[in-house]
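Take a look at the structures below.
Common to both upcoming complexes is subunit A, partnered first by subunit B, then by subunit C.
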Partner chain A sequence: MVALILIIITSLITSGLIVRMKSIFSGRKGPGIFQPIKNTWVLLRKGIVYSLTSGSITRLAPAVIAASVLIAALMVPVAGFQPLISFNGDFVLFAYLFALSRFMMIIAAFDSGSSFEGMGASREALYGMLIEPALFVLIAGLVIFTGNYSISSIFTLPGKENYAIIFGLIISYIIGNITLIENSRVPVDDPKTHLELTMIHEVMVLDTSGFNLALIQITAYLKFAVFGSLISSTLIPATLPVFLRLILFFAVQVLFGAAIGFIESFRSRFKMNRNQQYILTVTLISMLLFVVILFTKNIF
Partner chain B sequence: MLILFYVLFGISLVYMAATEKFKRYIQIYTLQGILLFGMAIIELNKFTLLNLLFILAETIIFKSVIVPYLLRKILERTGINNVHKRSLQGNFTVLLMLVILGISLVLAHILSIPSVDEVYLVIAYFTLFTGLLLISARKLLFGHLIGFLIIENAVFLFSIAIGNEFPLLVNAGILLDIFIAVLIMSLFLTRIGHKLGGFEVDTLSKLKD
Partner chain C sequence: MIYLLIYLIVTSLIVMIPGRKMSLILTGVTMFVLVIFSSCLAIDVLIQTQNQSFLLEVQQFISPLISCDKLSAFFILIINFTVVSGFLYSTGYLKPYLKSKPVTWIKLHYLALVWLHVSMIMVTLFRNGFYFLMVWEIMTLSSFILVIFEYDVKGTVKAGLIYLIQMHVGMLFILAAFIISSKGYERLTFDNLDFYFLNNSNWPVFLIFFIGFGLKAGFFFLHTWLPDAHPAAPSHVSGIMSGVMIKLGIYGILRVTTYLVSDLAPIGISVIILSAITGLFGVMMAILQHDIKKLLAYHSIENIGIIGLGIGLGIYGSAIGNVIVSVAGYAGALLHTLNHSLFKSLLFYSAGTVIGQVHTRDVEKMGGLIKFMPFTAWAFLIGAIAISGLPPFNGFISEFLIYISLFNGIGSGDFYPLVVFFIAMLSLVVIGGLAILCFTKVFSVMFLGQPRSEYHEKPVEAKKIMLLAKLLPVIPIVMIGFLPFIIIKPLLSLSGSVFNVAQTLPVEAMIQPMQYISIISVSLLLLITAILVVRKSVMRNRMTLAGPTWGCGYSSVDSKQQYTATSFIQEYSDLVKPVITTGHSKINYSDDEIFPGKRDFYTHSDDFVRSRLILKPSNFIVTTLKRAAIFQTGKLQHYVLYALIFLFLILALTFIGLI
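Take a look at the complex of A and B:
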């Protein structure tokens, strides 16, 4: 239960932290850390407008998207605290819950009947397909390294083996990149862009409004929290005292948010045709780590 | 610690293959010099202090200072920034790197040496094939020069791997480094240097008496 509470707290602050960091780096005062949550709260109390061309999928999709990511969040260990759901092979369910969320987002975009949204859906499908091998290869490497089959065990690295801290750092780097791609952030996508032709995620939710849009935003906050928690699990030893783990957990989350804010402030987004290359590079680094793990465990 | 250097070196190769900016090539090559310095410190523990200092100075001075400085001067002189437009696209280069990683893995396993860590061999083969890939995928002569430097790093990695048993090989590797530095310097000082960076390799096929 503690893990879930920490994930919810993290999801409340990460997005605001990114916005705040971007404001600081661009020399503005900027909104408060809780401004994105306040905006979402306003949306939650608004009504929903559906386009005439949309069908039942548009009505169903936001709830399924939010629910699938929320269930995935229940499987994530947080700084040594065990998740609510944990069983052998749960990482497959975890990956496919994210895939289900993406699938519903894509078909909802198609359902709206807008060619712009179809274009965004096509891009989302391509990037989702390209990043999935990176996640699976990373998980396969961790399964071999730890000898366990559950997310709660495989992402709890420190103290288990030699090289754990080194691998933890590299895994954090890979998960950080996966977060940017999964959440459609710079350099893959720019959430602040106003030109539909260059959008990926934002263009898919152009016709989504009110409560449904709030659900989509909550999903994005949860995704940040899930990946941030995975990073903290790989870096923070589960053997430390509880209060120290909590302090380190929030320190990692703040650093994670600050790092994304830093990247978004000082890095421009890629041209659309460069995104595949970037995603494949992450997959290749994941594969490289997998090969090194094979050798360190004397399997090859 | 050594494992961190292996992985970082591998990641640097991945970015080397993916990038299309020559400045990035030089930055990554400089980083590789520092990583090789770290690897040499840890790996060559049976060397005499003088020999070790010579090797360490070579990795830092030649690989991380002199060669990058000369390469930067060539870029400034020729004014080129990116790889040729007709070069193999980054997507395909990264995909080929996946294949290369697989080949390196198999080769290191087949040609393993009992006293050498196999991860070392994988990274060395990976470096060698990355150099070859850069040479075959890039159109401009500058890209070929970088490819050659990467292959030279692979030779250095091989020599460190068995350096404790055959110190002479490490020295031979260093001689190759010095050769490269002299080669680049001579290109830089002569008239060829003005053309080097932007010179397309395809034009070599049109040479006449």
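Take a look at the complex of A and C:
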């Protein structure tokens, strides 16, 4: 339960932090860190405009998208706090719930019959397909490393081994990249772009408004929080006292948000057709980690 | 046996009696009787705790003839279910053809359907090789007649013939394997394998069996008949063939697998690798298809790959002595066999309804159909989510079992098993991702947005009986998805008892995840409902407007400007160019054409197995034989001359003393 509450708290601040970091680096005064949440709150209370072409899929999809990610969050450990649900092989369910949310997102984009939204949907489907191996290779490596089969135990690295912290950093790097790709941030996509032709996530929700748009935004915040929590679990040993863990957890989250803000401020986005190479590179780094784990476990 | 024969004769007569409606109802009733009878037998065998073979002694000269163990029982249930839904669907589907086709042809169609049903059940029951091959042949012939239903459409008969020829090649392989394994015995039976495998090397005979059965199942490089036959066949036939008939190839492989004793590791590894290639190839080709039925046919190949992965893991798990890997692999394979028969028939039925309304199989010409036929659209969506292996439907459960098997292998292995499991896992992940790409494409383009071409008549929802046929598979799809722990226990005992992997079955280790999955599926459903309810209550005081789709300032958006299937997969098809080449027809304009008229334009993807392995050699044979045909002049004098030359040749050879 603590884990879920922490994830929800994190989801309130991460995206605000990113915006704040970007404004600091570009020398603007910028909004407060709760501004994205306030925007979402406003959206929740607004009316909805549906496209004349769209039908029941558009009306159902936002609920499924938000629900599946929220349910996936139930299985995520946070800085040594156990998740609500944990069983052998739950990482498969975790990954496939994300895939379900992606599936609904894509078909909802097509429902309005738009000439733009399919573009984002096409990219989302392809990149989602390409990034999944990275996550699974990482999980396979961790299964070998820890000898466990549930998400809460494989992402809690044993603190006593010296190299665990190094692995933690590499895993954080991989998960960080997966986050950027899953959430379509720079360098894969720029959510602040104003051109439909180059967007991924934003273009898929062009015709979504009001409550539904709020649900999509909440999903995006939750995704940040989920991946941020996974990172915190790999970095913070579960053996530390609760108080220290909480402090470290929030420190990691702030750093995570700041790092994404930093990347978005100083890195330019790729050309669309370079993205596939970038995503495959992440998979390769993940495989490299897998091989290193094989070495440390003397499996060769 | 005798009962089945009587049944066949009676039903064949009933089908042939005059009066269309009467004979149809009676056929349905008799089919139902057989379904009830065989299902009772199957359930009876399935719930027995030991693996007793169910022997029906019939006549003296053919002793233990029919034997029904749990594996057969499982397949009988699958067959019955899909045949019933297919029959219901066919009664609605064939209505428009009543005017254009002679009555006898339609009756022959139903006759073939009955024979197909009976022969499929018999295939699972016979252990005697001779009878097995006989019913196997009946199955092939009756399905051939079913496939060529629309014989007057160009290409149908050719597709049927390709199917018929390839099936006979497959049968040759099965026969060869039977003969090799029964050397020194009176009869050809599966049970000879027991002895043969103990004393001989296992993999050659397994390989021959695998090729024979793999041709039916559609493993990679043996699959080329599938993408031809399914588009040619009526939709209920596609549903039955893809749903259960190709699964009998899987049944054959499983049956042979039960006898394996040695060479398990190389066999397991080769099955895993071949299945991984099958799965990847199937889905990679499927994405590029715009013919909905061809797309579904390639997806059958993909799913055969997933089932094969499970079987391979089962074999390899017993080779390395890992019970969980083995049992979960077999259980995953069996459950996926069941699941695929459910959602694939559902998808084919839905696609058939759509094709019947819009009169094209090209998805690029559909669009917006969810408004005309909501039930069909939702049925297709459920099938699409299930076949992509996504929760909360049944496809996820079987893939989850295979993942459990894989990760247990990864977590407890030496280096070489680890590499095998790792490759299998990676391919399964990629297959899953690609399946999502494929089914989002086909669902969106078919059912969502605006119509992409003008429909000649307004599409309408299918008839009630066809909807019922679609509802039938939906129920177990949802049931297995939400309550997987119910089916998992019989499934584990099935795979444990048939495949001799049981020391103690890891039942508890499997049931616990299933209970959690069930909890999560239900809570997902509740949460979705909750969100929808909250939205409704919030929206009560707010405005809900409808406006045109965002056009970036361009206000007169046309349905032609929608995103198409081709553009949706553009980036993907660039990515797979090294493996699968795609091409398109050239458009030439002459100089004097100021306002170009209408042109045909088409894109195509090249199935390299089909072009290299099947077409190239067969074209070569045809051209060689054509060259030899210069002797065939058609003049009597020449033929007399040939005979004379032949006689002289013999004379000369005898003279020299060569013969």
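Basically, the second predicted complex is superposed on the first by the 296 of 300 C-alpha atoms of A that agree within 3 Å, B and C clash if a C-alpha of one lies under 4 Å from a C-alpha of the other, contacts with A are read in each partner's own complex, and residues count from 1 in each chain.
Going forward, a contact is a pair of C-beta atoms (placed from the backbone, for glycine too) under 8 Å apart; a residue touches a chain by one contact, two chains touch by 3 or more.
Since the structure is predicted, the reported quantities are computational estimates derived from the model, not experimental observations.
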item	value
Touching partner for A:276 - first (subunit B), second (subunit C), both, neither	both
First (subunit B), second (subunit C), both or neither touched by A:285	first
Touched partner set for A:221, first subunit B, second subunit C, both or neither	neither
Subunit B versus subunit C as contact partner of A:96, first or second or both or neither	second
Contacts of A:249 with subunit B and subunit C, given as first, second, both or neither	neither
First, second, both or neither for A:48, with subunit B first and subunit C second	second
Touching partner for A:155 - first (subunit B), second (subunit C), both, neither	neither
First (subunit B), second (subunit C), both or neither touched by A:295	first
Touching partner for A:170 - first (subunit B), second (subunit C), both, neither	first
Which partner reaches more residues of subunit A (counting touched residues only), subunit B or subunit C	C
Subunit A positions touched by subunit B in one structure and by subunit C in the second	276, 300
Parts of subunit A lying in touch with subunit B, wherever the complex brings them together	163, 166, 169-170, 274, 276-278, 280-281, 283-285, 287-289, 291-292, 295-296, 300
Subunit B residues touching subunit A - in the complex, by the definition given at the top	1, 3-4, 6-7, 10-11, 14-15, 18, 89-91, 94-95, 97-98, 101, 105, 109, 117-119, 122
Subunit C to subunit A touching residues, read off their complex	367-368, 370-371, 374, 381, 385, 388-391, 396, 399-400, 403-404, 407-408, 410-411, 413-415, 418, 422, 425-426, 429-430, 432-434, 436-437, 439-441, 443-445, 448-450, 509, 512-513, 516-517, 519-520, 523-524, 527-528, 531-532, 535, 538-539, 542-552, 557, 559, 561-564, 567-572, 574-575
Subunit A to subunit C touching residues, read off their complex	44-57, 60, 62-64, 66-68, 70-71, 74, 85, 87-90, 92-93, 96-97, 99-100, 102-103, 106-107, 109-119, 121-123, 125-126, 128-130, 132-133, 136-137, 139-140, 143-144, 147-149, 196, 206-207, 210-212, 215, 273, 276, 290, 294, 299-300
